[in-house]
Amino acid sequence: MTHSIITSRRRLIKGGLAAAAVLASPTVLRAQGQRELSMLTWAGHADPDVIGAFEEEHNVRIRAKEYVGGDQMLAQIAQSPAGTYDVVLADAEYVVQLQQAGFIEPLAAEDYPFDDFFPEFQNFRGHWFDGEPYAVFLRFGFLGLSHNRAAMSEAEARSYRSMWDSQHEGRIGHFDWHLPNLGALSLLNGNASPFDLDEQHWTELTDTMMSLRPQVRGFYDYGGMLSALRSGEVAAIPGIGDWITGVLARDGADVTTTIPEEGGLQWTESLSIGAGSKNQDLARTFIQYMMSPEGQVKTATLKAYPAMIPTKAGWARLNDEQPGEAQRQNMVLNGPNALDEIRAGRIRLRELPVQQSLETWNDAWTRYKNA
Amino acid sequence: MTNAHLKLDGLAKSYGRFVAVEEFSLDISEGEFIAIMGPSGCGKTTTLRMLAGLETANRGQITLAGTRIDQLPVWERETPLVWQSLALFPFMTVRENVEFGLKMRGVSRAERRRRADDWLERLGISSYADRNVARLSGGQRQRVALARSLVLEPKVLLLDEPLSALDAHMAIKMQGELKKLQRELGITFVYVTHSHSEAFSLADRVVIMNAGRVEQIGSPQDIFLRPRSKFVAQFVGGISLLEGRVSDKEDGKRFLDTPDGKVRLAHGAGLAKGATADLAVRADRISVTVEPGWGENEIACTLISEEFAGAVVNLHLETASGHSLVAQLQQRDLEQLDASIGARVYASWHPDDGFLLESTRQSGSSPRVRAA
Amino acid sequence: MPPHLKHSLPKAFWIAGLAVVFLLLYAPILSAVLFSFSADRFPSLNMSGFSTEWYTQVLTDRAMLEALWNSLTVAGLTALIATALGFAAAYADYRFRFFGQKAVLALALLPPTVPLVILGLAMLAFFSRIGIAGTLMAVVAAHVVIAAPFAMAICRLRLAQLDETLEIAAQNLGAQPYSALIRIVLPHTLPAILAAFLITFAVSFDEYVISWFTGGLNQTIPVAVLNTLQGQVDPTIHVIGTMSFSVTLTLVLIALAVVLSQSGGAMSKEETQ
Amino acid sequence: MTFPAIPARNSGRRYQSLFQRAWQALWVLPLPVWLLLFFAVPLGLLVAISFWSVVNYRLTPDATLSAWRYVLGLDFLWASFWRSYGLSLSSAVAISLLAFPASYAMAFVATPRQRLILLGFAIAPFFTSYLVRIYSWQVFLAEGGVISSIVQAFGGNGESLLNTYFALFIGHATLALPVVLILQTIALANVDRTEISAAANLGARPGAILFRVILPAARPGLTLGLLFAFLLSYAEFVSAAYLGGGTFQTLPILVTDLVRAGQQWPRAAVVSLLMIASLLVTAFVTVLWAYREKG
């Protein structure tokens, strides 16, 4: 990342000129007859590296509203006039909520390369309602136990149980969201369907969680986890994955994510078309672009946080272009790969609680934090 | 007065339940110097502010040179005011302050400058013309305030205790200059003050106010020699008051029975027997002796204190009943008196020097005095 | 200054006090400046090298530049409106007695007490209903609400030092109310108006919660920082901090130079005491 | 004889009073109107939302007390409340104490010119993104960060200071310090110098001057500084999340937490209204106390 001073200075000057041009003529920029496509998305997905080529090819300007939490995303879409957002990128759990609240449009199955999906992802749960898809599965990742190798070895990380070790007292961190944390602990409790618990198993789960409280250092958001895990301030964080450790590893930090014996979770991000969008054709074209091999590789190597991708063609292109990254993310075509974990039944989908209400889980989490 | 130049007719102002001015009527002729005085809170400043349009009267009207002005907003009345605080504009030079009113009236730049310089010259402050007003002495600031108002050539100039910020020496000097200016210009001055010396030495007529009411209007001599009410007598000062009941006629003479003895009244006309009355005697008309029997009206007193006031001495006396009397003696007379503090002395005066306060004769009716 | 004024508090105390306070204020800024030139993505004491990479990235990012433009527009308009409204309210409170005077003051001081997360949502809900949600004007409308009380307080404090008779004296000399206001009240209040403009500008320029909710697709700089912090941590955050601090520092230095060069009048009063 | 009364021009008086009213309204009305429109109405909406319900993750107008019942029934609500209150109050007191010597120096020791320069530099950081400054603090407070390295060099154990009350306080101070410095300096600079000289002349020692003359005279301004520090810390949630590591469960964090239970904005609204109410009571009591007359 270190550039020679001269080139970087030249780039800097160029950048400065570009800046001056934009500042001097913001209205000119908007008056080039471009179409605009609005997108409500997690941060990082509107990076020029990802969408630049699409924008150029279709003479379109993608304007992204980046959110920092699914609930803020829902609030934003709920309180804005219908049609404000053409494309919505959301976690699979929120796709269900978006669909129920009527915030997204049904899609036409034939528009998207579902046939090219690995079979596991074709009829993805929570995306199809009455035989119609409401979202297209864009990318996914595994959640296990992320740890700083200096503080917790991979051998230790093979069980969530290690978090209770006395040497890790005050060294366990949490991502501040109830679903992945409770899901991981539910796996530890041996629940085959970690989010489908009867009253007794639910009580056991909250007991397990409460017993972990003395070990906990803090409850973090994205940025907080990065620095806490990197510095070794926390030894391990359950219920997160390569979307944190991959970013840190790329920067040379000695951190990784291990999927413990008890199993891991799968997070999923999907694309939908916002209800009432006036640019549905363009939105469809954009989703098609993101599902194309080119778009798939871009999203797999997203600077903000890397992820695995569901299309075979995408895998092929990634192995072709960036074999190292394909290797790192375990998306190799010939030989054992990430899909084996799913096929071996070690990976469960992260989803909304089935028998309890979402608020029951959230309450338990808030209570845990307050304990 | 048919040729009233400035006419105040039945002005009244109250704030909620507090009556600031009860009813004020006064006709002022052109070029007259009117002083309004009274203790603080008597309504004198409120009256002035109603003239300037800073307060809206609840009742009554004001006419200037035959035109009714009480409905005009402040900025349309031609009644500049010289403020107690002077209210010079701090971020302007002396000249800019003086030119301000002309500028507001749309006078051309050259004309403004000419007239301002003229007045700066006249008041002897032209050498400070470009100075910031913050860097002037009290007397200089006073002159700027005057110049700022006079440059407008008003028919009436209002002054609200304009000399109160100056030291005594400067105040006396300015008094003289003010009087001279007023004579030369022939402008009507309405001057509010609480200083006797300013009011009596400057004004053609003095208005004494108390608690929102006019107590007396008259020339300085009139008020000084013939206070009409107890309040005016006390306010003007140097007057001893004796309270008593009118007694029977004896030998065609009327007497007043006071707790300290019987004193003779000069004229008894119109006084009924048994009526209460206030007798006033000016301090300089009272003689003080160590032995009794020197005068017709004589009261035994105790000498309480001596107060030197230049060539004269004020002796404060107390009667047996606890009443205070004041006698004014020449320095020489005091030396002859040879009485020390606490000594028994006798105060006496000629019956003709005592006068009954007007208010006592109207007892029962309202003490309010309406101006002629 | 007489010695007893200086030494009611021991010298060691206030020297230490000044040192600690300025350390607290400037430590994060110095760190931002330092790490904005770091070659590493994450700040660390053993920096691997020097790089202007992140400056290039910020200056060539169209979204970032638009965010900057949006921020300048919003902060500029907010400062303009909030200062005007704040001055009007301060002047009204100073000059007039009217029904509900206390109520207006109370209403103006209420906004800072409402948690911004929830105020942001309520405003978004309201703005959607009146059809201005997602526009920069909505952000301005909301920012004026939180910024105007500051402007009012600053202007009111300054007006309290203005002799009330001056304005009336001007009217008494024939000035119309508007003319007396322009010639007497405004020159006196001008420093406070400028200060109010700067402060309200800063309040708006640094606000991200309400901007996120009501701005729709129009991103402002702090919203961009928030997104970077939440989704793509890298030293561009430090770059933005460094750049905005440089601009501020320049403005503060210019302001100081201007004020100090003409500090003959108002300031000397105290010095001569 | 007197002048015949000139008939009152009623129209004139009415014109004048109309003009005055319009002129006055021009100054009185703009801010209240703006606040009513863009603040009071959304605030009213907030109150309304606290009575709404959530159907299918969608906020739906309703008239139910369920959000109120739920929030007031939370067993940890009052613990959170008092924790929030206590943390921000102690931060406010600590910030005020910390700022006082510096404000004192600026008010009494510095010449007016120096004071202006110092205040200028004290305000400058206020214009630099608060988020950036909070993020930058992490470098100092984290394990292996500046402070822990220094501690280690002196033989300490170099523990991380993040997720401690100290870190939270640093965050609050970053937010509130400039405001407190300004308010305190103004308050102290406005203390009548002759009062101090009089006290010294009557034989008061430096300590007595500080506690019996300066502090009582500057009380309103100092209290306002304290109140502002409290207000800012109370509603703050960024440093609670970033520097406090979410370990300090305060009300603003509870607000964001409640929303996570599937769009439970009505409950968040209830907590917010509780916060607003407690802030108003605090502000009211403080202001009363600050301007209380002695005796």
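For clarity, chains are labelled A, B, C and D in written order, and residue numbers in each chain start from 1.
Everything below uses one rule, namely that contacts are C-beta pairs under 8 Å (C-beta built on N, C-alpha and C of every residue); 3 or more make two chains touch, one makes a residue touch a chain.
These figures come from a predicted structure and were not determined experimentally.
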Minimal step count in the chain contact network, subunit A to subunit B: 2
Per the definition at the top, count C-beta pairs in contact and tell me whether A-C or B-C has more. A-C
When the centre of a chain is set as the mean of its C-alpha atoms, what distance in Å lies between subunit A and subunit D? 37
Chain centre separation (subunit B, subunit C; CA means) in Å: 55
Distance between chain centroids, defined by C-alpha means - subunit C, subunit D (Å): 15
Junction residues of subunit B - those touching two or more other chains: 73
Listed in rising order, subunit D residues that touch 2 or more other chains are 135, 138, 144-145, 256, 265
Subunit C: positions in contact with at least two other chains: 121, 125, 177, 226, 229
Under the stated contact criterion, what part of subunit D meets subunit C in this complex? 23-24, 26-28, 30-32, 34-36, 38-43, 45-46, 49, 98-102, 104-105, 108-109, 111-113, 116-118, 120-140, 144-146, 149, 170, 173-174, 177-178, 181, 186, 193, 196-197, 200, 206-207, 209-210, 214, 231, 235, 237, 251-252, 255-256, 265, 268-269, 272, 275-276, 279-280, 283
The subunit B residues in contact with subunit C across the complex are 52-54, 73-77, 79-81, 83, 85, 87, 89-91, 100-101, 104-105, 132, 134, 148-149, 152
Subunit D to subunit A touching residues, read off their complex: 56-59, 76, 79-80, 135, 138, 142-145, 160, 162-163, 241-242, 244-247, 249, 254, 256-265
Considering only the defined contacts, which subunit C positions touch subunit A in the complex? 39-42, 48-53, 55-63, 65-66, 68-69, 121, 124-125, 128, 131, 133-134, 212-213, 216-217, 219, 223, 226-233
Which stretch or stretches of subunit A touch subunit C in the complex? 1-3, 5, 8-9, 11-12, 14-16, 18-19, 22-23, 26, 38, 42-44, 46-48, 63-66, 68, 72, 75-76, 79-81, 84, 221-223, 226-227, 230, 247-248, 251, 253, 303-305
